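Look for subunit A in each of the two complexes below; its partner is subunit B in the first and subunit C in the second.
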Partner chain A sequence: MSNAEQATRARERTSHARDYSPGFFVKLTLMALIDALGAYGLLACWQEGATGIFCALLAILIAANYVYFSKRALAAKYIFPGLTFLLVFQIFVVVYTGYVSFTNYGDGHNSTKQAAIDALLQQNERRVEGSQAYPLVVVERDGDLGFAIIADGEVRVGSSDQPFEVVKAELDETDPTKVSSIDGWAILSFSDIVSKQSDIMALRVPISDEAADGSVRTADARVGYVYLPFLRYDPDEDVMVDTMTDVTYYPNGHGQFQSDEGQTLSVGWRVGVGMENYLMAFSDSRYAKPFFAVLAWTTVYSFASVALCFLVGLFLATILNDPRIKGRRVLRVLLIFPYAIPGFLGALIWTGLLNRGFGFVNQVLLGGAHVGWLTDPWLAKVSVILVSLWLGFPYMFLICTGALQSLPADVMEAAKIDGASRMQAWRGITLPLVFISTAPLLISSFAFNFNNFNLIYMLTGGGPRFPDASVPVGQTDILISMVYSVSGLDGSAQKNYGLASALSIVIFIIVGTVSAIAFRQTRKLEEMI
Partner chain B sequence: MRRQKIITLTALAVTSALALGGCGGSNGGGDSPSPAVTASSSTTASASGNLTVWVDETRQAAVTAAALEFENATGVKVTVVLKNFDDIRPQFVVQVPTGEGPDIIAGPHDWLGELTTNGVVAPLELGAKASEFNPVSLQAFTVDGQIYGLPYAVENIGLIRNTDLVPTASEATWDATVAAGTAVGTKYPIIIAVGADGDGYTLYPFQTSFGAPVFAQNADGSYRPEIAMGGDGGHDYAAWLAAQGKAGLLSPDVTYDVAVAAFAAAETPYIVGGPWMLDQFKALNLAIDPLPRAGSKDAQPFVGVQGFYLSAQSKNAIVANDFLVNYLSSESVQYALYESGGRPPALISAADKASADPLIAGFNAAGQNAVPMPSIAEMGSVWAFWGTTEVGIIEGSLDPTPAWDKMVADIQAAIKG
Partner chain C sequence: MATLSSARQTPTIRRFGHWAADLGWRYLVVLAAVVFAVFPILYIISASLGGTGTLTGSNQLFASVTGANYEQLSNTMFWTWVGNTLVIAAASAVGTVLMGAAAAYAFSRFRFIGRRVGLTSLLIIQMFPQMLAFVAVFLLLMSLGHVFPVLGLNSKISLICVYLGGALGVNAFLMYGFFNTVPRELDEAAKVDGATHSQIYWTIILRMVTPILAVVGLLSFIGSFSDFILARLILQSEQNWTLAVGLYGFVSDRLDANWGVFAAGAVIAALPVMALFLFLQRYIVGGLTAGAVKG
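Showing the complex of A and B:
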């Protein structure tokens, strides 16, 4: 037995997990780094009170350590990173979007019920009209905070349970609007005020024994004003009461406080609304009508764009694959050029080139014609497909070139010997073989174009608008850009993340189904050969 | 506070220990100091409050200067964070509920509706300071009787005139202005940015001259979500748009960039625009005139007010209020903001100082009868329909009167939800 064989034997006996070879130390280092990062993340999560992320991170960390230090999890060592990323970046995103699609999250329903109650109370506490501005200092006695104000030339002190009363105090000699000392109370310094900000903000000192007279609060610890709450929250009954009109607002099922007359308070909170967002997308005629038009265009656009790009790419690749062509390298580089320009930039450039009045195409190429490349409903669609072709064919050209060059030469030779014509060989052998190796890329290209938000957003912005639609949707809008504007993410309507998520889930299902069917078809193609 | 500090330190210790143990050397040593520095600075900062302000690049310099002054006076650290203008509002709305957002943001007043319905801004009490501000600027930041922002700039559009082409002050009516512009013989008699999506903002003074305001106004000047631009006034305006489109005076091909470039190249004596354009016209001799009316009523442009908002969940509310009400409202800061951003100040004393510039004075005069741009959340549903309908009418692809009626109906439906 040679030394090398012995070493191999030894390695086979001990698992990689227990073998203290250089590789083990590399692994140990990497895992230590990962664990260190994870531990930092865990502590940060705990500090922020993010329980969900804490648990998920902990589970992933434990799993990672088990997988890489255990003898049994050999297969998992390879798939663990991929699975983790799948979980975090795909499954979690889809599940979370699904969750949001069953809520009414959006403008007016931005946060939790408690936050909505706080905001309503904050917005509806008003300064008593025409009331005085009192110079104020924050004071403290035995840990109790209070305010000292100067009213009618006298210093008065009060705290949350004790209305203002006159006390013995001294005013600042240089600035008579400032209290310099008070009997029995300590005046807070600025740094004390800073460290007790939330307590001072929450402090209300009644101006008199009558609650209806209001209470003094301060926002800057320098001046106090008399405020009255116009809304009162009753935590036992879970209702909001308007203190002026005594109207009671009850929480309705939709995350808002509502009175018996149907009036609602402006700030609401997030609640589950079941299938409502999905129903709205399909049953509300304002959405349903453009939805199907947009769906049809999206499908046409993605198919046309992929098919055209593929055909043009394959055509050029086939031609440039012929050794008789001169300067093939230079031509290939030139053809890849559009691919080197970022897609959104390319789309923006084309917006300028295709401008009806001032664009290069109309002004120079067509001699000052007024062709509405981006404003005519049909031409805009053609323009979108052509620009997408310009952006997309180099990619197809590249992969087709690769596929053509890797075709086995013996098969072609056999075809030639059997007497197949060029065309027959191309159709019967080249095309199917190229097709098999590029089919998965075609499917992913379809999915990409189906959601090619950048191109539409930058090139036409979805326009021209449907003249008869009652939502801001246009002729060249694809589903994802329609979602963007219908749900108000572009600022053209009130934001509705619930509706946006519901439509996104619908798109996900469509793309998923099409991809699944396409993959199945490809497999059949492979089996045929 | 204490618990947090201990945890942060533990986290650091554990991390650096693990990192050092893991890579055993320079790498870990190189990594750990930077978090340690942040931690120590943040612990000292939190002891004296630590304000975070989000601004875009047009206000960064002036706010940073004011922040430094505040820091020197009070010892409170103010972190001025530069953000992309378009990111400030959505990120603020999302982050405030998580307790993570900034204490203060700078932005225009028309964000107000969205910010209040989402409960992310806190009301301010300006007290005696209120009387020192331009009343329109406070009106713009008022919802339901409460002021929600500290205004610092008031801006409106006017008619910018190239005095080399037309030395005399502009005419009061649209037709006379167009005639004067035509007489000059430049490429365009007058230029107005419309763009493919329409520009209801720039065209608004012409719309109001037909008596068709967007929303109905309450007695105190605030808007209520009741569309008021339908009816005869709206129809007359729609017909006017169609006529201008036909005459080639308005066109969706004229985007903002095209319009500004044409005026800068002296291809037109008049452009409808605001003080933000002036930077591009430095080479020209300019005067600002009030906007001509197209209908029989006054041409009332929108006033946009810029200001600072306070987060509803700021943990440093006292310091933030102090910074807003007592520092950012000072004449020096308001004037510095004007100098760095070019927007006319909202504080009356600073505005008077800025009016030494005849162009600013001209914009002030053009804004004499201006109205605040509606900040109610319903305005968000207006823009898209408004712009595209105007474009359709100008292009001639839509029939003015029915298109205008459909637009009003669509907006009403969108507002109802």
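Showing the complex of A and C:
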């Protein structure tokens, strides 16, 4: 084989992936950066013991390196970045929502069983009669409060998340029971102690990593006492015993310790509860009644809003499609204005306009009336639909204008020749043709309105509230805003991630089914014509 | 109204009657629609210029014109929120366009295993809005934050990442349809001339699909600009808030007293979106109708 031949073959073999062009170096730098960050991330995961994240990150890194240094995965080079984000932040979270919906995750059931046991032991402590008292000073480091005690002649320091450990310190020369300075910690002065009194009273410094060993607390910032948990966990029997009352608590299958009399301990853990959250939404009277009311209103509202927006948009588009109207360009731009305003701003502006006491509509248009546009159950619903019309008709106007302009002229011509009136032609030809060509957009518009959280939350906040519901849900709440209230993430109710996730899954199913059926129907419609 | 009075001066009443039945009512209807569409916007501009800053005081339109409400904004964290919002929305718009276009290019031009499955999955994923899974997003970021605080709660970067998660699901299909309309002969010719697939992508295809890039970028920008629920959950401290969270905060508890400041903030907040919208208008109308409406 001659040298020249070898050279050509070598050139054929080098894909541009190994071709040292500027693009290659850009790629190399980017990948080096990603790998460096990834390696740092892996170390961090390892330190924190986050196995799940570690595995996911490792898989992503390996895949990235394969995709961008292999000659074969050509399409993957383009899909990979988007796909990674899609997998983590969309597909994973949807799957995770499904998982959470089968658990009792929420306030009181936040973590693992071990964490719950530790929390129970820590929260149920009392001072042991005649237990040892330690001379104590309050210390501070980077804003964290801690205690320094003298035990067995040594100074030990600890804070709420760090158990006591021996440190280098100096004792007061005149009073050996007083610490005068500590390495790394500042001793609080009397005035500081006064100003942080409540924090100091609440501070609990663990004696060791074992919650059962108890903690040191103080009542006067001078003397510390050992507090021991009066609950005792028996790992062999898997029971919690209250040593004061001798009551035994057994795990009850719902992630809580329960006594024979039915009393439960306050902190529980996360367990699977099967279909319970779904059953609760559909059959528990506290949730089922508002749930069905909200479901009905969500459906009515989204249908009404899409239908109204479409009809108004199509009507205006038809009018402005008439070449005899003057100034069509300006009029069109004016009509599209609301579409260019972010939806949340539109809704907030309308809250002001429709305000009961001071709003423009009541004060100026109705001459000082006090109509509860947003506070009366029925009027609030009307207002929501009207505002959604304001927000939505310009979009429909836009797409209907587009659809009208692409209508075949000969069909209309033929209708005119056959003697159809303008109304007949509109109903028999324009409406169905435009409807079919815009149907996919109507479906996505329906899905959008079904989940239009901003409009409801900004305009009425879901109110007026159902008087009898124990959950903070109201007359104009739609499913998504109900989920928001139920999740408790806004602070208005107890957190209940499990139930909220179950409701999210219900919405997924409804929206998915409606879209699937509707898409199939539109395809049929198209085939008919 | 000018047309009406000029019409009245025409000699024969019959001609006016004909005109009113045929065209006149159309003007009336359009006029009503224009008032409905534009009035709230005029109202909020007037309220932002009013001197009293209360809801009641805003009912007299353009009674006074002062910049007091706008000056008042500097006493709040409003400008920080503007900065945050622009950074977050711009970053997610750029990311969405780049990632969506790349995926659409691959689906449109390459034939590979899993292509059909991928396209079908994208179509299905489209039906599941990411916002609905906000509880899970919150929990995911909470656990990520234990390991990497940058990707945890109260971080703008993690919010951008969450928005980018929706990039493929929402837009790739729309772009895919548009990419298919670019004739394949173009890339074939370039390939014959020795262009690599990345050269074809960056220098040929991307130039041909500018309208859809503009539409997707704008939609993504507006989407993250107006998102409330995720921003509210993720960005917890006030200096990280976006405009949606901050402006809602202005009026959520003291609607009447803060109305003027809110109005001024709303006018400023609406400007960037408005400007983008008018600037990209011809693309939007074209893109919306071409991408989705079948003629």
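Remarks
By definition in this document, the second predicted complex is superposed on the first by the 304 of 529 C-alpha atoms of A that agree within 3 Å, B and C clash if a C-alpha of one lies under 4 Å from a C-alpha of the other, contacts with A are read in each partner's own complex, and residues count from 1 in each chain.
The rule is simple: contacts are C-beta pairs under 8 Å (C-beta built on N, C-alpha and C of every residue); 3 or more make two chains touch, one makes a residue touch a chain.
Keep in mind that what you see is a predicted model, and the values were worked out from it rather than measured.
After overlaying the two complexes on the shared chain, residue contacts for A:345 are found with subunit C alone; subunit B is out of touch.
By the touch criterion defined above, A:193 lies against subunit B but remains apart from subunit C after alignment on the C-alpha atoms of chain A. Contacts of A:44 after superposition on the shared chain: both subunit B and subunit C are touched. In the superposition on chain A, contact is made by A:286 with subunit B only, not with subunit C. Of the two partner chains, subunit C is the only one touched by A:511; subunit B is not. By the touch criterion stated above, A:93 is placed in contact with subunit C alone, subunit B being left untouched. In the superposed three-chain model, the partner touching more residues of subunit A is C, compared with the other of subunit B and subunit C.
Once chain A of one complex is fitted onto chain A of the other, the partner contacts of A:75 are limited to subunit C, with no touch recorded for subunit B. By the touch criterion stated above, A:358 is placed in contact with subunit B and with subunit C alike. Under the contact criterion defined above, the residues of subunit A that touch both subunit B in one complex and subunit C in the other are 44, 355, 357-358.
Note for the complex: subunit B touches subunit A at residues 4, 7-8, 10-11, 14-15, 18-19, 21-24, 47-49, 74-76, 93, 97, 114, 116-120, 122-125, 127-128, 144-146, 196-197, 251-255, 258, 312-313, 315-319, 321-322, 325-326, 377, 380-381, 383-385, 388, 392, 395, 397-398, 403, 409-410, 413-414, 417.
Residue ranges of subunit C in contact with subunit A, taken from their complex: 3, 23, 26-27, 29-30, 33-34, 36-38, 40-41, 43-44, 47, 54-56, 58-59, 98-100, 102-103, 105-107, 110, 112, 115, 118, 124-125, 127-140, 143-144, 146-148, 161-162, 164-169, 172, 196-198, 201, 222, 225-226, 228-229, 232-233, 244, 247-248, 251, 255-256, 259, 262, 266, 269-270, 273-274, 277-278, 284-285, 288-289, 292-295.
Those residues of subunit A lying in contact with subunit B across their complex are 28-33, 35-37, 39-40, 43-44, 46-47, 107-108, 110-112, 115-116, 118-120, 122-123, 126-127, 133, 190-191, 193-195, 197-198, 200-201, 218-223, 225, 266-267, 286, 355-358, 374-375, 461, 463-465, 467, 470-472, 485, 488, 491-495. For subunit A in complex with subunit C, the residues that touch the partner chain are 16, 23, 41, 44-45, 48, 50, 52-53, 74-79, 81-83, 85-86, 88-94, 96-97, 100, 105, 312, 315-316, 319-320, 322, 324-326, 331, 334-335, 337-346, 348-353, 355, 357-360, 363-364, 390, 393-394, 398-399, 401-403, 406, 437-438, 440-441, 447, 451, 453-454, 457-458, 480, 483-484, 487, 489-490, 497, 500-501, 504, 507-508, 511-512, 515-516.
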